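Listed next: structures, encoded as structure tokens.
Heads up, the next two complexes both have subunit A, just with different partners, subunit B and then subunit C.
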Partner chain A sequence: MSGRVSVLDDAAELRPRAVSGRAPDVFSREDCVPMAQFRDEEEVDFAIVGTGCGGGVLAAKLAEAGGSVVAFDAGPFFRPLADFASDEREQEKLYWLEERISDGENPIELGSNNSGRCVGGSTVHFQMVALRFRPEWFQARTKLGYGADWPVDWREMWRYYEEVEKACSISGPIRYPWGPKRGRYPYRAHEVNAAGLVLARGAEALGIDWAPTPLCTLSAPHGKSPPCVYRGMCKIGCSTNAKQSVLVTYIPRALAAGAEIRDLATVGRIETDRWGRATGVAYFREGRWRFQKARHVIVAGYSIETPRLLLNSHSARHPDGLANSSGLVGRHLMVHSNHAVWAEFDEEIRWYKGPPSMACCEHWNYADDDPTKDFDGGYAFMSQGPLPSDFATSIVTNSGEFGMDLRARMAKYNRMAGLKMVGETMPQADNRVTLSEGKDDLGLPRPRVTFGYCDNDKRLYAHALDFMGRMIEAAEGKNRFETEGTAHLMGGCRMGEDPKTSVVNADGRSWDVPNLWVCDGSLMPTGGGVNPSMTILANAARIADRMIAAGRRGEV
Partner chain B sequence: MTDDRFDSPYPRYDVLEKWDTPSYNDQTREALAKRMDEVPPRRFFTAAEFTTLQAVCARVVPQPGRAAPVPIAPFIDSDLHAGRGTGTRYAAMPDDRTAWRQGMAAIDAEAKARHGSTFAELADAQQDSILSAINQGECAASGAWRDLPAQDFFRKLLLKWIVSVYYVHPAAMSEIGYGGPASPRGYVRLGPNEADPWEAPLSEKGARQ
Partner chain C sequence: MSARQAAHRERGSRSIGLDAVAAGGVIALVAAFAIGSALRPERKSDPVHRRATRKARDGAAILGASVLMDSAMEHFRGGFHNRAMVLAPATAAASIAASLAEPRPDRTGRLPRLGHALSFAVGAAGLGFHFYNVTKRPGGLSWNNLFYAAPLGAPGALAISGLLGLTSEALSIAPVDGNRTGNEALAWSLPEAGRGLALATGGSLLVTAAEAGLLHFRGAFHNPAMWLPVTVPPATGLFLIGEAANPTDSGREVTRWAARGVAVLGVVGTAFHVWGVHRNMGGWHNWRQTSLAGPPTPAPISFTGLAMAGLAALDALGSEERSS
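Moving on to the complex of A and B:
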């Protein structure tokens, strides 16, 4: 590296890197791998919008099945080893920071806690908690009396959890305390850090189960990735490639199988012909609008950008937006309530070491018969390890504390521990994404996100705050305080069995436009009480197989 | 907590001492060097607004006894000049740039309504009481805020932005005993009251455990 003036100058944010038949080799500091390249006027089998948990998996599996694939991402194509600094401010480049309007009774914060913007999507900054849905949640309406049923059998989903857990080398315990028996996780569990041991101590004091969190970071080498070194900066991007994000798992697979990835390429519209079929995508790259022809268009931009793109692709034939005859595009948006309790401890915890959530508790996802459970749905909670700026911002936005009081509180950073929930919210039609009047730099309407908690949501997080408070006290935490917030996005283009009550069918195929598909977290009819990444990955792996099978039957 | 002094639990610890060790990689050195060596010039705020902002920053993160206080206001100015987004525009608030301008004017208007002078000219205690009132949404010059919700502006934009600049500075990392940059070398000792040799030594309280 001698003689290099700047390592950050050749920024992935400034110029596309996947060009001229080459894409970044994510396992190197500056090398490339060969990449197929398709011409705009060449009708490819699949144009995929988004390269995260949905699009990344599809790009790999469809290309491996022989399809011609171009996958677009609005964000840059990073090489983590050279591009990722140990620095919270520098690494904000991983988040979707474009202006989006947040509205409603409880407007949500957008950005680092729910929206990535780079090849690999939000998995590049996610905190790697790799949990499965509870089986009954796939039939929440029928079996548990709330929300909506998924058009998918849980056993099928569980097979795909196994597939993606293997693909991401998930590390986890030999026996997981909740839910039906599952096989061993592919990699052994990590040593639980001091912050996780606080959760363990509290759980044991209250007499309930806890577990080392199944995590999407390596506990032993795999391929070109080294094991995790516990630097604790997962939320700002893993600079060693131990994290098995889509960027270092499915994207290399997709490239090797002949898919093309187009970075810094924003898709603005899906075009349709006079018969109402999708013909391809209009996208902006390198300073101009272009058009890629495609036999099939798959939208995988997550719960805000997917509805935004469909709504913006309106036409005379589809005046309310594409795939929207049900009027449900953008509706039933869900988040997870992400409230937390924090306390000080006598010992030094130093939660900055290791992945942020090394211990978890899913007790309240499986406690239907507990008389104190006064809400539908469930919640998990995990131990915490926020970096300094992240922790400070969460304190000030919640309490308004400032001055020497704030500095003194932050000086206790090394003796803090926290428990934070991932709480299910109900799918409500009026929690939704719409298009606002304002336009972004490309002239595309900015999305407006409207969110409000319902009474059940409020009972659920109140219950969690009370329970987590008791647990952290049982673990001998002092001077407890609470924060509120949200994480993750789910829903917005729900899948289902009825064209009147869903946007797409169980295969992700639009009811209205037969060659238009959706594959990302927006499909989720319910949100569940666990982090959604593994469910989105598993559902994408399932949909890929469904598409491939349909192709063999001549239906694609 | 006395108002005029801050005692770090780790008075002898400095994350910068690891600069030439495997805890730092090139890109981290570059990002931090830029932050410490290149304080951006004022380009967004007017001189008057900037004076108010500096005075506010000095009360949000007071740094008495520090010969060279960590600069905060220039980075906020630079972010707004560059149009660096936060991802969220609350529907009840104007866009970031408008909100900051209105907010600075409103804070000055609060100072004038209560004490007859600009915010920057007031004594520390007067400034603190104005900021505390705004934090509670209690405004003396409500007209000056126009469509800006005072408490939301104060917590979700102003305080958040200020602390997110301060707590990424090596001086702030050091004072709280945070390990700081950690790549390629991370950590080995993860248990309670355990520290690797390249971390802050356990504070006296921790070491006694």
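Moving on to the complex of A and C:
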């Protein structure tokens, strides 16, 4: 495109852009849209901390229902068309890379695979895999004998999956081989790339089902978004707006409905009055601390920042942190085991083309009766398309190959394919987020993230590695090797039906502080064997409706 | 996408650009029309008869032009990785020339007839090739392959173009008012030829609408206008088949209006597809990519071609009362 080249600058990261009654128009290179603005001392209906899958959806739906909404995000407000480069290093600006302490038996690597820091949250860099939970997982304890039950009926959740899939114009297959019949996806599945066809070939050789992955990127135009052009830079931020992230779906809706978004605004504390009710949030923006009054505070900062904020908002009345009478804030943190097998192929694959995971297999999320299944929970796996430095990093980390060995390995980049799992881990109380002694630049205690796999988790990923290895060999892959890792975060503020065993109720409302809510992935009592974004979005859409209904009853 | 492109890249074959393909397509079109027109001298005969024949052949030529441009673009997108892929645009050009040439019962007239027969044969063979391309992929005859592998319906359009050409030949040699032209043994009467053409056109409209339906379904009918080509043409197709089975004056009038609607739809559809290309990343500034990735601009006009053949069939069917 001639005449459209501009120099990338870091203006979005230096100064807030949503100011003076205007916010960035995400569909333009430099334009703005009008935005409502509220004064700090004006008591707004809802102060929302975070603008991702939880906060973004709530901001839109609550504002559309007539509520006054201010949503805070610690990160910048990007315009993808102008601010995103096709460069892995540059795009690290999308990740939450602030120093955190990660320990435990299997410390988690934090950043690109599990947390975002910009308006739109992690959806700006997620890989767009849009899967639903298996119905039984919402009653994992009762029906499958592990983990915990959700305080929500699966049919209700499935209705909300449908709502958010429509809002994000998910492109999915016409026939999905697993689980109960679902309605048609709003858009048709994309053409499966060569990397996906490797999975398909392997699955057909082993006689199990596979499917084109339902993806959160357009296969036909929608509104101001063009269809996907298969550039393959999805994981570092889509620069065409084909990816239907929260940044280009719910955030514009929120702005149009009169919500205010405050970018580069870090919320440090939720303040409470002497009766223990939340009064608003203290936040740092443009070089100073401020205070926004609010009738309700909704925390949507994901599984590390949400517990961190609640724990840091302790007071005389809440000495162990807000909403923490159960002692469960920060506990039952989960990840997905993200182990993978890779192999070389005779033919060119060019796996970077298109979205990274275009074919998927959920066989082991549903195969309860298989005699080789020696674990609780499930796993899905998908075809892969890692960008070069991501893949090289993964090789160095896992095998230690370096120098000429690494060069030789990377020379085969275009003839490689891989299968990577999304493996359920068990909710364990000791996998948790706490506050460390160290302080960040704003004087806030840094979070400490403690994680270790249990025996079941280890059996699960061992099974997956074995199975995926067999499949990639059946697809005629050679010189197979394995890598390990984790992806996603879930839990940390689980919802439930009992104040003793959960932090919030089914509406996301805290048991301890009636005008304090949580709405993000930290609510999830179990992680399931699928990527969590759709579940977090659907749960947020559900909670929004519950809040609106409670408001109509005069309870909000 | 990548499997195909990778295969083509590995062969290290051609390096012509899309602009060359577009230019080549335009040159082929112009040449085809020039040759066809040169073979098309004025001829004294029955006005209805002539009007119908010419209209049918013009329809077939428009259809051929649509196939020429569409197959040139799509096969370019596929990197012409199978050499047989050049046959589609080449045969379509031959089909245009044959359609524009004036049918003659003598030896010179054999060349156009051969052109039509060739189009029909290559189109039918293309169907086989495309079917093989779909089924050889993982998933076999799946929606994903029907959407993205070689389109099953496309070579059909070439076959239809040949079929219409052949039928219009029959129309041209049909005896009018006892004015036999030499091939009496084979000739249909004008209404009979009209009937045959109505049947062929009606069936072709159904098949073409099915192709549009498949691809518009792939596009999730994201624009409500995308429903038009899957409703109006098949209805018209059914009317035409009805007329072939049981011609009536009133039915013919309704069908004529429907066919005119389809003819307009072909032009409107082209405009929509031009707009649709613009909605892809970079719009027409980025035409080298978007004209291939977006909706196929040469496709909708095929409806206009079919509609004209349909109108010709109706003219022929209606000639009975006037000529008797």
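Rule of thumb we're sticking to: the second predicted complex is superposed on the first by the 549 of 556 C-alpha atoms of A that agree within 3 Å, B and C clash if a C-alpha of one lies under 4 Å from a C-alpha of the other, contacts with A are read in each partner's own complex, and residues count from 1 in each chain.
Note that a contact is a pair of C-beta atoms (placed from the backbone, for glycine too) under 8 Å apart; a residue touches a chain by one contact, two chains touch by 3 or more.
Fair warning: this is a prediction, and the values are worked out from it, not measured in the lab.
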| message | Which partner chains sit in contact with A:I174 here, subunit B, subunit C, both or neither? Use first/second/both/neither. | response | second
| query | Does the superposition put A:I349 against subunit B (first), subunit C (second), both, or neither? | reply | both
| Which chain, subunit B or subunit C, is in touch with more residues of subunit A? | B
| After superposition on the shared chain, which partner residues are touched by A:T240: those of subunit B (first), subunit C (second), both, or neither? | both
| query | Which holds for A:G403: it touches subunit B only (first), subunit C only (second), both, or neither? | reply | first
| said: Tell me the contact category for A:R188 with respect to subunit B and subunit C: first, second, both or neither. | reply: second
| message | In the overlaid three-chain picture, which partner chain does A:S219 touch, first (subunit B) or second (subunit C), both, or neither? | response | second
| said: For A:I101, using the defined touch cut-off, is the partner it touches subunit B, subunit C, both, or neither? Pick first, second, both or neither. | reply: first
| said: On the A-aligned overlay, A:F375 touches which partner chain: subunit B = first, subunit C = second, or both, or neither? | reply: neither
| For A:V229, is the partner it touches subunit B (first), subunit C (second), both, or none of the two (neither)? | both
| remark: Overlap of subunit B and subunit C contacts on subunit A, residues 1, 4, 191-194, 197, 229-230, 240, 347-350, 353-354
| Of all residues in subunit C, which touch subunit A in the complex? | 1-3, 5-7, 9-10, 137-139, 143-144, 147-148, 217-220, 222, 276, 279-282, 285-286, 289, 293
| said: Using the touch definition from the top, list the residues of subunit B that touch subunit A in their complex. | reply: 1-3, 6-9, 23-28, 30-32, 35, 59-62, 84-92, 95-96, 128, 131, 135-136, 151, 154-156, 159-160, 163-168, 172-173, 175-195, 199-200, 202-203, 205-206, 209
| task | Give every residue of subunit A touching subunit C within the complex, in rising order. | result | 1-2, 4, 173-175, 186-189, 191-195, 197, 200-201, 203-204, 210, 212, 219-222, 226-227, 229-230, 240, 242, 347-350, 353-354
| task | Spell out the part of subunit A that touches subunit B in their complex, as residue ranges. | result | 1, 4, 6-8, 82-90, 95-104, 107-112, 115, 191-194, 197, 228-233, 239-240, 346-350, 352-354, 387-389, 391-393, 395-398, 400, 402-408, 410-411, 413-415, 448
